[in-house]
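As written, the chains take the letters A, B, C and D, and residue 1 is the first residue of each chain.
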Amino acid sequence: MDIKTSQPKLEKSADRHSKEQLKKRFKEIRDFSIHLTEPLEKEDYVIQAINNTSPTKWHLAHVSWFYETFVLEKALPDYESLHPQYSYIFNSYYLQTGEPHTRSKRGLLSRPSVDEVLEYREYVNGQVLAFIEGATPEEIAEFGPVIEIGNHHEQQHQELMVTDFKYMFAQNPLYPKYKELNHPKGSPPDSLNWISFDEGIYEIGNDGGEYTYDNEHPRHRKFLEPFVMADRLITNGEFMEFMEDGGYERSPLWLDDGWATVNERNWDSPLYWCKRDDGWYHYTLGGLRKVHPHEPVTHVSYYESDAFARWADARLPREAEWEVAAGDKPYDGNFVEDNKFHPRPLQQNTDGLKQMYGDVWEWTMSAYEPYPGYEPLPGALGEYNGKFMCSQYVLRGGSCATSETHIRKTYRNFFYPDARWQFNGIRLAKNI
Amino acid sequence: MDIKTSQPKLEKSADRHSKEQLKKRFKEIRDFSIHLTEPLEKEDYVIQAINNTSPTKWHLAHVSWFYETFVLEKALPDYESLHPQYSYIFNSYYLQTGEPHTRSKRGLLSRPSVDEVLEYREYVNGQVLAFIEGATPEEIAEFGPVIEIGNHHEQQHQELMVTDFKYMFAQNPLYPKYKELNHPKGSPPDSLNWISFDEGIYEIGNDGGEYTYDNEHPRHRKFLEPFVMADRLITNGEFMEFMEDGGYERSPLWLDDGWATVNERNWDSPLYWCKRDDGWYHYTLGGLRKVHPHEPVTHVSYYESDAFARWADARLPREAEWEVAAGDKPYDGNFVEDNKFHPRPLQQNTDGLKQMYGDVWEWTMSAYEPYPGYEPLPGALGEYNGKFMCSQYVLRGGSCATSETHIRKTYRNFFYPDARWQFNGIRLAKNI
Amino acid sequence: MDIKTSQPKLEKSADRHSKEQLKKRFKEIRDFSIHLTEPLEKEDYVIQAINNTSPTKWHLAHVSWFYETFVLEKALPDYESLHPQYSYIFNSYYLQTGEPHTRSKRGLLSRPSVDEVLEYREYVNGQVLAFIEGATPEEIAEFGPVIEIGNHHEQQHQELMVTDFKYMFAQNPLYPKYKELNHPKGSPPDSLNWISFDEGIYEIGNDGGEYTYDNEHPRHRKFLEPFVMADRLITNGEFMEFMEDGGYERSPLWLDDGWATVNERNWDSPLYWCKRDDGWYHYTLGGLRKVHPHEPVTHVSYYESDAFARWADARLPREAEWEVAAGDKPYDGNFVEDNKFHPRPLQQNTDGLKQMYGDVWEWTMSAYEPYPGYEPLPGALGEYNGKFMCSQYVLRGGSCATSETHIRKTYRNFFYPDARWQFNGIRLAKNI
Amino acid sequence: MDIKTSQPKLEKSADRHSKEQLKKRFKEIRDFSIHLTEPLEKEDYVIQAINNTSPTKWHLAHVSWFYETFVLEKALPDYESLHPQYSYIFNSYYLQTGEPHTRSKRGLLSRPSVDEVLEYREYVNGQVLAFIEGATPEEIAEFGPVIEIGNHHEQQHQELMVTDFKYMFAQNPLYPKYKELNHPKGSPPDSLNWISFDEGIYEIGNDGGEYTYDNEHPRHRKFLEPFVMADRLITNGEFMEFMEDGGYERSPLWLDDGWATVNERNWDSPLYWCKRDDGWYHYTLGGLRKVHPHEPVTHVSYYESDAFARWADARLPREAEWEVAAGDKPYDGNFVEDNKFHPRPLQQNTDGLKQMYGDVWEWTMSAYEPYPGYEPLPGALGEYNGKFMCSQYVLRGGSCATSETHIRKTYRNFFYPDARWQFNGIRLAKNI
């Protein structure tokens, strides 16, 4: 039986910035990172399989560096880091805080060892908790929100850790398991239903009643033409139809960049798939396993999602359409706390939109752009979002590797159109 | 004295698809390509200096291939090409018409010679004109619009020829001149004035009263927040202020991709600029010349334009904003027919928006995306626009290398954010 | 009927450094370069198809720059170059004479035009001839030998021009002909005969009675074990047996670097070969043509030659073995003056070693190393040979693109083991 | 005090192939690999810092795979591997035994874990020892020599493990120590003395009285001109003189390939050196440490060694010269059993050749070529040496990371001319 693990959802009404809440959330999130690494051997913490991924060891230390740099060093004039050199090694891209260690070389560092990184985490934990405990109201007002950013930052890296484990293990001809997984069954999904939405001026973005990133602001108006959206995600079975229909060999289905990528990288199926005599298999965090036709397809790039949509005589949704469609649906779904580590089949053929949250991030056709009136946070924290608003596409809804306390309707995830190592999938839309 | 050369603007009211008009426009445009190559030596026709550029010889033949493939071969059952192999060599990216010769190898072809290419052009000219002459009204209805696409296609390649000459000559330590240029003077521009536009739902895109590409359709509604737009282009002098203020060395000014590009390619100024003891020079089609501070800055990438805007506490316009601002201004400006081959300084400090057409293409902050309800043309002609709608940015307004009969308010040009070899420049906008 | 063209062989007895001889040889060699380019269009002079090759225009100018730099500028205090910038563009690798223009960018230069390069050649010709005419005996003693180096340098570039034409035309899907070629027939060659040579200490290298490069010196002693050498070159037919026997697919036949190269570059036959329905064809300077089984195989790398030898249960000769075997055979063979531009089949099945000179350069198994006691020429002329003595292999005997007045028994040609664009071929040897 | 560790030298007279000796040597060598890894953390076993290096885990398993493949699987018809997939992962380049796992991906394998690899080693150890124990005389005759190859193969990988640790730790900005090292002092070395050797025909190569690789055979005759050889290695102090004299900036000192390499990789000192305010430091296995001027220079490429020699008006020795010079000197020196892990300064200014064995491998100017009459071992074992005889240079004498029971006078080590991560150094020679 699956049990929801220890990262409970924060009630919206709670005073998120009370000392109590700050400490509670901080501890929960810090513990959850350790929880995720429990199945690993020490050898698993070291490897950076491609430039996009990072060693687990690095993730664990980098999120600690974040609190150290943006809270402890700013709030505590006499703060001493456990190892001053760590601030060089574990910076990622915050150029305003100093030159970071080259991203592509994170996999060259066998030291600090896992134990030393865990010691570093403990040290930072103690310092942050002591700081909160002793902080004045003014300090809480100033640094409470930064700690909260740090918490959400760590949750993002928790998702990356999961996807990076997967990428690393999948390169290994032995196909090691992250852990034994219980893959839930579902009933065969009905054919797609199309839910209609009217034209109109909609309010898009977040009004700030909950934790948000700067890129969800400001709330603003957007005119949308009428559209329909598919009621569920595209399945492996549907994607195999596309493949069997020559999807990967027919240039008219593809964007020009996509077609070049398909040919350069010899793509003929989603990432992690391989063909055996008795059909398609894919690597999951529970090992190599036959592709289940009812599960949502995942590990597809924007290019593949777009080509699939064209083949299906549809298109991907705009991000504003997705947000409008999401309406006030509850944030239910298959999240990392569910311990599935894999998208699950549709549970029931109910009416209306299904699978909007969890399972897989849904590619939208919207380039990642600033909202009208967008202002990044001041200083180095402003490097969190704005500087990536170029050549990437927005994804919505969270995945089986996302924390349920991290997702929200207005959350804008983004990746380059060739990215496949995240749990990314497909929902279709159409013009009317 | 500058004289407008032979490519007169088509009156909007003319029956564009009458046999007379079709032949007239076809001949004018075909002649203008030859006119542009008059200053060249035969050796200049051969070189492909980078993958983005093509040999002049190739441009001249490729645009002929277009008529052959989409008109002659379809309309004339017994059509025989002068050289059947040319259809392989001179295809560019129309995958549905057969596998094209690899783009990166266009510069390996010394044959067909320039004379053979000109012979091929003459052959196609004769065939197209004879076809129009003898065509039934049904044939005119079917192929007249395709010939018109071919004409505009050739105009686009005329612009590319000019920018590709420039790129090639600029690589040569001898800095050969394309021709002697007369660089007009202007008076010092006033500081930027900001023209205001109201919020509202605007109609964007073309309603079809003139020649258009498919990507300008359908005309649709868009909500815009209020904004202001700079009344003129950014000058070399203003860009040098940015450079002197450390613009190329300050990471917070840059998009992440932009900062990586600046460092990988060691950019410290616009393309074609080089520093001498007495200041900055740049290669122009009239040779190496001191940078004139009042001319519009050009040969800047999206990254540089965006960084400049951030430095100036402004932003680039959205493409819809640009189109709204353009309103019904006449398509006046410094175009290729003006024989300047270089952006000219602001002529007069008049009120209102200036330099909207001609001189330089203006980067917008809008990713190149399909308009709501967009449908590409059917068949291979549909490869003209839609498949490039990914990771590129829209530019508006035309340049000194664009034909004045080719530009219009709704025209959407697009390039990757690192592209600098086109005459691209900067206009600023702001939120209110 | 083939006629030997204008580059007569110099009698050994002639006073090579008399003014008369110096002028005669200089003019003959300079004229021969022009003779080789007669079949070209201007467009053919511009292209650098790969980094190894150079544009014809560049070759013609570079060899002129050599005389200018090492004779005229040194001998004539007031010498003025026609275009001072040419010394930058047309230097190749003589670092001691200044930084050369990057090799890989030679194909970006459409100017100086062919006519300008020819004008430059004429200018240098006039200056060199006038210098010889007016030179003192001391000047002749000093610069006569340098002019002679320049002549031989130009002859080397004549061979490169021929091989570079071939490489360029072979990239063109139209397969243009350099000229109509008359491919001579021969009778089927007998199976290989093995000629024996005794062990002993042999004198290797040149004693200076004729023109030589520094790398042929000093004459020195070398002990050789007994060996046998094949009496003729390997033919296309024999090489096709290797191919049909899986030669390109069997790793044990290959050096490790060779096997990696075969797989990275997808080699399955000599350069310029392509398979058609009715068998193998290859591009020759006379156009695409069916592979003739009796012609010597050519355009094979060291790796392929070595693998062939292993397959044939033999090895390649050592360079000293080749020199010993060559003995005092006359320098007869199929050279560039024969206007074949292609290796010809064995003419007659006579006794003894055949095809030692001309047709194809013969790969030896000897790395290109300095002879014991080797001293490079002083100054920049010392960059001619010595600095390349690393990771290259020696070839012997000259090819159908070599001048018969350029070859000699002790001549050491050298290329990297992956080089295929020269007329390189195979002769086998064995231990006893 | 330094103590020689557990790998005693085998007496020449011993019956190397007796069961007793075979077991003894096998155990000693297998244990020594484990001894070398004792200072490591588990995280240190995983990383492949560059393509040339391999993870420690991989080395430990690969050498076991060797015994499994060439002894156990051949000798024992029912042999079962502990994990059949290991034969794919831990093959290196033996193509005749199946396609090996791509070299560049060895660093992607976190599993099998270190513990699993050690279990695999134990399993193989047990199997090999049991096989020896129960073998018939015929089996000993057949597989005894193969086990001996396996032992020497493991010793080579022991050296690679040491150099690969060093490379990995040196990439880490924390400069971790492999272990605390005791760097012995020495007295300032006298200036170079040149020892003379006569011209003559010398016997080169091994006559088989001791364990040898196939590449040391056959013993053969070679004529040498007279030469002198420096009596000791070049020191850091002498190499710094070269650096201070502009050694890395003066193109005439360098081979052409070397000069290109210096510029592409921005070399300005030996590998692992970095400049601080108070002079040059280098990473040693004992941590970052000031460069000691009396220690032999090491981690220099062939290019640097050759350039240094040219600067010093000398040359590198030929490999035959080195072998002649070594004469019957005992194999004394600073080897891996001495636990120095670093070349030590000259201990005493005695007469005659010093430092011929141990400390650093000495680059020779001889390309790695087969000896006259060379025959590789049959089958896959023949891939050990012969297929690398291309574009590499021979080094002689062993280093501080070599086992003293592994080196001998006729031992031919070889690396590409750009290799720097081995303990390679410089001894000079001259013509007379």
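In the analysis below, a contact is a pair of C-beta atoms (placed from the backbone, for glycine too) under 8 Å apart; a residue touches a chain by one contact, two chains touch by 3 or more.
Everything quoted here is computed from the prediction, not taken from an experiment.
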Note = Sorted by label, the chains bordering both subunit B and subunit C are none
Query = Where centres are the averaged C-alpha coordinates, which chain has the largest centre distance to subunit A?
reply = C
Remark   = CA centroids of subunit B and subunit D: separation to the nearest Å works out as 60
Ask   = Quick one: subunit A and subunit B, Cα centre-to-centre, how many Å?
value = 39
Request  = Spell out, as numbers or ranges, the residues of subunit C touching 2 or more other chains.
outcome  = none
Remark   = Among line, ring, star, complete and other, the chain contact graph is ring
Touching residues on subunit A, where the partner in the complex is subunit B = 93, 95-96, 201, 220-225, 251-252, 254-259, 302-303, 306, 365-367, 369-370, 372-373, 382-383, 387-391, 417, 431
Remark   = The residues of subunit D that touch subunit A in their complex are 41-47, 49, 57, 85, 88-89, 101, 105, 107-114, 168-169, 171-174, 176
